[in-house]
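I'd like to ask you about the structure that follows.
Order as written gives the chain letters A, B and C; numbering starts at 1 within each chain.
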Amino acid sequence: MSYAVQTGDFDGPFDLLLHLILRDEVDLYEISLAHIVDGFLAHLDAQVGVVDLELTTEFLVIAATLVDLKARRLLPGPVDVALDEELALFEQRDLLLARLIEAKTFRDAGDTIERLVQAASRSLPRTAGLEDRFIALAPDLLAGINAADIHAAWLRVSAPTPPPPRVALDHVAPIRVSVEEAVEDLVARLPGAGALTFRSLTDAFGDRIEVIVRFLAILELYKQGLVELDQTTTFGDLTVSWVVDPAMAAGTGAVFAGVDAYDG
Amino acid sequence: MASEALRATEAILMVADEPVEPQLLGQLLELSPARVDELCEELAASYVAVDRGFVLVRVAGGWRFQSHPDLAPYVERFVLDGQPTRLSAAALETLSIVAYKQPVSRAQMAAIRGVNVDAVVRKLCQRGYLEEVGRDPGPGQAVLYGTSRLFLERLGLDSLADLTPLGDFVPGPEVVEALERGLGADGSS
Amino acid sequence: MASEALRATEAILMVADEPVEPQLLGQLLELSPARVDELCEELAASYVAVDRGFVLVRVAGGWRFQSHPDLAPYVERFVLDGQPTRLSAAALETLSIVAYKQPVSRAQMAAIRGVNVDAVVRKLCQRGYLEEVGRDPGPGQAVLYGTSRLFLERLGLDSLADLTPLGDFVPGPEVVEALERGLGADGSS
């Protein structure tokens, strides 16, 4: 199934989110966003050339909104944000909320359809049709039909269907980044580098998704107490500095173990 | 309150397309064939008693519901005015699939045409243009259909070999896939 | 003595292989469709009164005989074709979108579900729940889908108007609250 986020049997981002929020009763804080983003990237990777731009964009919007919302909750507050930005975020969140409600509505309607089908399947209709003595009376359905008509019908039904029109994506380079790789890269670069700005860590990236993934990786490290984050002014640069921890000097294995644990 | 066996007999006979033998009914109801005959006679008498428009009769070794003979004029009107007089384009396409690719299951026809074909196949079978020719050996044991002698006669053909040859015509990949895959009963009925 | 119209209705429905519309019955019996509905309701009640193993129901816009749901265990043993496979959650959700939003394109379904629906729609068409009902007049002329008559038959509904209004499925305040909390919308962050 195209688009399946590789997290169990979920059929897309809404399905997954609904499940995570409603069924497990965990809040967004617990959702493994890294997992969703990685699954998405894996999907993009596998679908080079047949990516549905509309859906891809949609998923990106959802992922970005989640990242945004999640960042708000992970970062130490109170974060001083401009009113416009705050309102825009609320708007995105409300949109996401509306879509989740819509998805839930149709899912529940689908459950009712299933119940109707199950109930109706307990009765079978009479399909015996005409008794033999009446069949002779029935109009000959093959009247006026000859072998050429049968041949033409077969050609009609079996002709190759023209491929659906699609947007050429040859110019779109596939994105190959994962949160895990970003963590690995940061663990290699940050120790001993002093305070680096988030901008300097991402200015080599042309793709927004790479910046998002990098940001997720930094949040990951922050959560594990491996980096400190600082933002001195509104809209100012976010600085990232490595917290020297001798226990970690042995290697980076524990960091990756941490990424897995974070998947919750 | 009618007995469970009487009611079950009515239910089975109502959904049966062919006369049902008392042996089979007896097996399903855990009764002797003789007892089944008694039940059916009881049912038949009860329909006559209240003057129903249908009868339960024993034909061809089994029991079946039929319209009451004295209502034949109404049924004839239904046959003449209530039935399609021409094969729809959809039905013709389904018929052509069977003609060229028999034996073929309903699931395969549905996969090729992209729509459910159950009603069309039922109609074509009832009219005697198609017939069951076997069962798919795979799981599900789907019924396989072929064209009948009547089909050839009506088309003025001696045998299937007289159908217009396909030459080097290559069907679309989805058709080839539908035919190659051992599509079982999934999706039909 | 049952009336001729009642008996003729029973006779015709016994030989029909799909629901018969009251308009057609009315035409054959020279009665108004409304009168036909009354007759059929009368018949249906008479079967219930004596606890028959079959019922007369109005489904997909017409009247048909079917087995009584109580007797499903017996009928299932009789019918050789296995029960049609159940619909997946994805198929049910897509089906509900089409049922309530028809006519609707695949892109519109995908937008609501957040996933590509091509494979699911193809399957639902093959199984006869959905059918193409037209084309979008706009650019691209996307195929528009709707539910089929078979959909109503499979759900045991007379018409789409019998579906529970979509509004009844909109989640209640406690679910919306849970979703809001999930998205950190309760202002606690």
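For the reader, a short list of remarks on this structure follows.
By our rule, a contact is a pair of C-beta atoms (placed from the backbone, for glycine too) under 8 Å apart; a residue touches a chain by one contact, two chains touch by 3 or more.
Quick caveat: nothing in here was measured; it's all calculated off a predicted structure.
Put simply, the chain closest to the centre of the protein, by Cα centroids, is C. Taking each chain's centre as the mean of its C-alpha atoms, the one that lies farthest from the centre of chain C is A.
For the pair chain B and chain C, the distance between mean C-alpha positions equals 23 Å. Chain centres here are Cα means. That of chain A falls 33 Å from that of chain C.
With each centre defined as the average position of its C-alpha atoms, the distance from chain A to chain B rounds to 47 Å.
Taken residue by residue, chain B touches two or more other chains at 14-16, 65-67, 75, 122-123, 126, whereas all remaining positions touch fewer.
Taken residue by residue, chain A touches two or more other chains at 124-131, 134, whereas all remaining positions touch fewer.
Across the interface of their complex, chain A is touched by residues 13-19, 54-55, 57, 64-69, 72, 75, 79, 83-84, 86-87, 89-90, 92-97, 99-100, 107, 110-116, 118-119, 140, 153-157, 164, 166, 169-171, 175-176, 178-185, 189 of chain C.
Within the complex, the chain C residues that touch chain B are 1-2, 6-12, 14-18, 20, 24, 27-29, 46, 50-54, 65-68, 70-71, 74-75, 77-79, 81-82, 84-85, 122-123, 125-128, 131, 148, 150.
Contacts from chain A toward chain B in the complex involve residues 124-131, 133-135, 137-151, 153-161. Of all the residues in chain A, the ones that touch chain C in their complex are 1-4, 11-15, 17, 20-22, 25-29, 52, 54-55, 58-59, 62, 69, 72-73, 77, 93-94, 96-97, 99-114, 116-117, 119-131, 134, 165.
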